[in-house]
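Right after this note come the structures.
Okay, so subunit A shows up in both of these, paired with subunit B first and subunit C after.
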Partner chain A sequence: MNNDIIRTSGLRKHFGKNEVLRGVDLAIPRGAVVGLLGSNGAGKSTLIKCLLGLLKISAGTATLMGEDPWNLSAHTKSRIGYVPQVVHLYPWMKVRQVIEYTGAFYANWDHAWCRELLDQWDLDGAAWIRNLSTGQLQRLGLILGMGHRPDLYLLDEPAASLDPSGRRSLLRSLLEITEDREHSILFSTHITSDLERIASHVAIMGNGVIDYFGELDELKDSVKRIRVHSPVDLPPDFSVPGALRTEINGDSAIVAVAAVNDEVIDGIRDRWDASVDVEDLNLEDIFLELHDAQ
Partner chain B sequence: MSLPPQLFRVATSSGVPIFRQIMDQVRALIACGDLAAGEMLPSTRELARELEVNMMTVSKAYSRLEADGVVERVRGLGMRVVEIRDTRSATERKRDFQELVAPALHRARQLGLSDDQILSVVKKALKDSSHEQ
Partner chain C sequence: MLSKSALRQISGISKTYLMRPLMLCALLILGIGCAIFCFSSRSLRFRDSYSTPFDQNASDTFHDAQAFVRWSEDGTVHPEITAIDFTRMGSAIRTKPNDLGPRQAEVLPFGDLEQTLAQFPNLAKVQFDRDQLTQVAPTTLAALTSLRAISVLDVKVTAAHIAALSQVPSLEWISLQTIDLPASLEPLSTLPNLSSVCISNGPLSMSNGPMASPYRPETLVELNALPSLRELILRPQYLPGLGYFAGSKTPDPACDPVLKENCREVFADSQTLQRLWLGSNQSDAERNQLAVVAKTLPHVRVRPATYDSRKVLESRMAGGILMFATMVIMLQLTSQFSGPSAQLIPRFAPVHLGFFAAFITIATCAYALAISGRDLSLLPALATFASCVAVVAILHAMWSVVGMTGRQYAYWLPALIVVCVMYHPIAMNFAPPWWSAILDQFLMGVHPVVAMLLLATAALVLAGCLLLFSWQHRFWAEHAIAPAMTVGDLGARMSSLAWNRRDDRKSAAQIGRWNRRLQDTLAQPRATHRWIARMWRLGNSPAYIGAIMIIVAITFSFGSFFRVNGASAMDHMMVHHSVLMLLALPMLLIAMQCSGRRDTLARDILYPVARERWIGSVFLAVWTQLGSLLALAFIIANLQIGFLMQVPTPSHVLRGLVAAGALSVLGTGVILSVTLHRGIAWAIALGLVGLISTICVTMIIVDTGLGPSGAAAESVRQALHHPAVLPGIWIVAGVIFSLAYRQWQRTEFACV
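And now, the complex of A and B:
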């Protein structure tokens, strides 16, 4: 039994000669909260759109809830909640009207929850869409994408235009949603601090491929920065197994290592008679180290 | 009685995984006597809500603590702190300690301290810590 809610293999997408996705392999288990991390232009939004069937993939395979994204059944569509990066809505409607309008497309729309979210996220139901700020529009977009209580949430930069209190409210709602471990979330972001609170997994994307996919805790446990101080000058070819980046400065070196273990550390201590300090890295540091390593 | 979840704090942008921070805090609370054997940890839901972190993170911390023999799962009630006794032999416990001392010794040598000087520092530290007790 395949328990992956999203699965891709060698997924490619090009626009003319411009290849944006160059073979994405991903298997996201049900109940996971995945933060999709990547610099601008890495292909995050394109990947999400391919998964939703909004873009047709050029090569490779993808399944979403076991179905081909390009031919999703109505039932599966009703179980997905998608919030695009930029929310376009009718400026001549009021907030409450656009919620009613969107809700009419769904059999299982949760009106009570929408009212609750409006309240929690400080949105006025009587406000005109055209008068909303970017952040308010994003909040409304989230409500519209969540009102039918989907099983799978695909959120493209959901927190990008939210202020700190808005981000907190969003995080709290997402945490509540995932408490039952049945709902899955994939959200792209470049704000790592949000991700660290709620993500169970991270997918780090660079240049159209997934550089890392796994549990956030495992990533933090394995990628470390070590500082080496030796009594003598280190040679220019000083190296550490699994090094992502090495910076040598006379008798000391700073090395970012993908998989640190005691063996590696003891090896350096013995070989160079050096003192070795291991530094924990937060997600932002790890992201930058992985990014610089390329 | 159950421990108030407000006693816990996590630094989400620290390099230490959040589940490990929770484990460390439970151990610290036990070590400094704030949490005694027989007391209950907050429920996973309660603690996850207080810290605003994923519930899976909290249950991971609790499961690891259970595996380490620090707490036990009581059906329908939650996690209870058990009486901690290190049952390993003195040799094993000494080896643990030696691993902690090794890097400090290395640093001391780099600082140019003699064995006698190192010993005197250790003796003084021992004396200070017994005063605190």
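And now, the complex of A and C:
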């Protein structure tokens, strides 16, 4: 239990009568890179803000590095890096000024690395914040969230506004960060290809709850698409154990299955005298299948 | 019990305040600057309203008694001397040191020296002390062909004086400072060039001998008969004469209404008189009488011979308040740079600079209105103060340019500017009289074209400066506000800023950005229009409420100058309202500083500071700022009370201190509560509580009440002394402070 850097149990958050989080149970181990997937309005950003103490939890419990998010100690805050979905910075400052200003709060601010990131991400230190594009602001937000080399990164759709080059740079930096398996990352995103490249774990949110949380490879190993071809027409009630979605078209069917194994496949072959092809799914397909299953 | 870290934090915050040059300036102003409030000040505003030839080049006037005696012995001619003032030689001219020792001296009669005047062939102005003029041979005076002006100071001006004066045909100016004139001034009518006559009491008051008033109707008739008289000054300092003490019921002709009535009759047919400086205008009745004289003499420019003391007092108070309020605003602007040490986000937004400019404009107009009236004209007054503001703006801009070069000595320039501005009235005390005379004439509207040109130039300069700030506002604003920082802070900042102007490529990029900003500026009027519209809708930001409340406070405060009657009531009202403004302004300015902070606070709270400590730091920082400013206001208020009402006693001061302490707590709670609330209703409710409390605390500090009558004001004052008042204010302050603190503890700072 102590190895969990983030832990929530029955976490709920409502704004008036609108309940956004409906009992989130999550336990992220130290060193994990967790991709938080979910449709719009699923509660990803709210969950992250609750974990940071920016929003107060309505019910349930949560701990971040073993502490109550609402009363995080200075030491714990110094180990957290947060990049919001929309980066609000002081428009009247210059890029270099805002970095220096933020860095003044942290004893271990890595100025050299920040300069390196500025060059790498092609940001002009003398540029005014108000003149930056959304993507450039996002890059600057990343630098501000990472400059003190935190142990835990909470990134709220960090790559949403980045161009392909920026996304690649970001992923490369995140991969470098997580090489030592000491740093943890929780990031929400809609870009599943990015998540596939760096995530060790994936959490899929829907309707205010975690539908799935586990290792990415395990998810990809378990969720498969099965194509069934039978000599005779398949009945409308054709079903497969663990099916997420079934599409029947005469003598053939396409079934997305959450937990595929040889026993299931052999059972289909024996019963319908059919040929069965098993296809691997990418993360986007898995997400869509899981989303459609709801 | 405060922890070590808390003590360090308090120490850091205190340091950021104490190390600021502007704060040092404030302390200097408190210590020395209040000298301008002294009634003995020789400021321009306390001088006579008219000017004399003796005011011009006063510093060049010869008044060395020892040299005069020496020259009389060696007989040397001194054509370079054009003006002699015997009144400043004092008793030295009457004595002559001998060789027996410094303690023994023999009297040297002035008559022995009168021939010495012939050694000054170019003498143009002479000021004689008592009995001196009659000892000078008429032929000696007549030989001085350049002599244009003579002043005589004597208790009794006799026929011999007048006869001596009438022997100098070149005379243009005669000033008689006396309380007794001879029966006839007729000999003066032989002077073809005599254009100006001044008759006043000067420093003289009473004599134990029989006197003939210098303002008798027959004297006025003789003055009217002078062939070239264009300017006449009649300034009696009416004092009851021996006749009064003997029971006489006949009005003394020096009595102000009598003199005005006589002048009205005598000078109605004057063909030559152009300017008449007549009597006093200290009361409404005197002003009305003067207006009647002016109406009767349409061809004569009638002015009072003395300034309106009420206007003088108002201008002094308004000037003091203006300077102090300006200082408070500058301090407030600079406090944005508390920075990481106080864990407050610096906000040096153009709104602040815009507000600063607007406030200065309003205050300048109010000040000009306050001093305008019968003595001073509105246009030159506006031009003068607008020019002062323009000069400050230019100096500030120059400093910003110097700052852009990275010179660290630029750090001290604004402090020097502020000192110059603050001590300008005191410096005026040491200005030569001729300069004061020129300024007098200008302020009285003698040169309206110059005033218009000056006003237009000042407006252009200010507009240009504002545009500069608008184009480069952030960059310049940072340096404009930099004096808030310590020397170390500034050094670090200057070395860290992107001042790479030597780099051609970056300079080109900078110029390109300036051009873009120019284009943006062209669209600003539209934005300004929207801003005003939003302000009237009260918007969402407490800044708008703060701005409106400040305007109301200023208007309310300055408006009091025009409402009150009676010197005592005026003193009370002025002190009350000036203190109200002094107390309200810091609170409202800090409220503006905190406006719109809730969203940005989401970033603050993630900095590595524990939530409780962060909230505590915010409260402490705001309370420190408010407390410091209220302490300054409190000291100023008690100085005002001391000067105007002579009432501060230990119990008054203690009660005021307790009340001001409660206000600092209450203000902190109000400001920080309003900061978090987006709802306008709560902000207005708390603002009203703050305003009512401020008024109440102000009245406690001044220890006076407000009411339609003296009795009503007294009953309010007695109510303020009720034992429940001070605890009540503290309870309200404690409740609001606690509510605000709890509110901050519970607030979710994230944007959802």
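The definition used in the following text is that the second predicted complex is superposed on the first by the 293 of 294 C-alpha atoms of A that agree within 3 Å, B and C clash if a C-alpha of one lies under 4 Å from a C-alpha of the other, contacts with A are read in each partner's own complex, and residues count from 1 in each chain.
The criterion applied here is as follows: a contact is a pair of C-beta atoms (placed from the backbone, for glycine too) under 8 Å apart; a residue touches a chain by one contact, two chains touch by 3 or more.
Computed from a predicted structure; not experimentally measured.
Peer 1: Following the overlay on subunit A, give me a clash-or-fit verdict for subunit B and subunit C.
Peer 2: Aligned on subunit A, subunit C fits beside subunit B.
Peer 1: For A:Lys49, decide between first (touching subunit B), second (touching subunit C), both and neither.
Peer 2: Only subunit C; A:Lys49 stays clear of subunit B.
Peer 1: A:Gly125 in the overlay: touching subunit B, subunit C, both, or neither? Say first, second, both or neither.
Peer 2: The second partner, subunit C, only.
Peer 1: Mind working out whether A:Ser200 is in touch with subunit B, subunit C, both or neither, as first, second, both or neither?
Peer 2: Once the two structures are laid over each other on A, A:Ser200 reaches subunit B alone.
Peer 1: Using the superposition on chain A described above, determine whether A:Ile5 touches subunit B (first), subunit C (second), both, or neither.
Peer 2: neither
Peer 1: Look at A:Arg172 in the shared chain and tell me whether it touches subunit B only, subunit C only, both, or neither; answer first, second, both or neither.
Peer 2: first
Peer 1: Look at the superposition and give the distance in whole angstrom between the closest pair of CA atoms, one from subunit B and one from subunit C.
Peer 2: 28
Peer 1: For subunit A, what residues appear in both contact lists, the one with subunit B and the one with subunit C?
Peer 2: Touching subunit B and subunit C on subunit A: no residues.
Peer 1: Okay, in this complex, where on subunit A does subunit B touch?
Peer 2: The contact residues of subunit A facing subunit B are 33, 168, 171-172, 175, 178-179, 181, 192-193, 196-200, 216-217, 220-221, 224, 229, 231, 269, 275, 279-285.
Peer 1: What residues on subunit A touch subunit C, complex-wise?
Peer 2: 15, 46, 49, 52-56, 70-75, 77-78, 80, 82, 86, 88, 90, 92-94, 96-97, 100-102, 104-106, 125-126, 128, 131
Peer 1: Quick one: which bits of subunit B touch subunit A in the complex? Just the residue numbers, please.
Peer 2: Contacts found on subunit B: 12-20, 45, 48-49, 52-57, 60, 103, 106-107, 110.
Peer 1: What residues of subunit C sit close enough to touch subunit A in their complex?
Peer 2: 339-340, 345, 348-349, 473-474, 477, 496-498, 500, 506, 509, 513, 599-600, 602-603, 605-613, 746, 748-752
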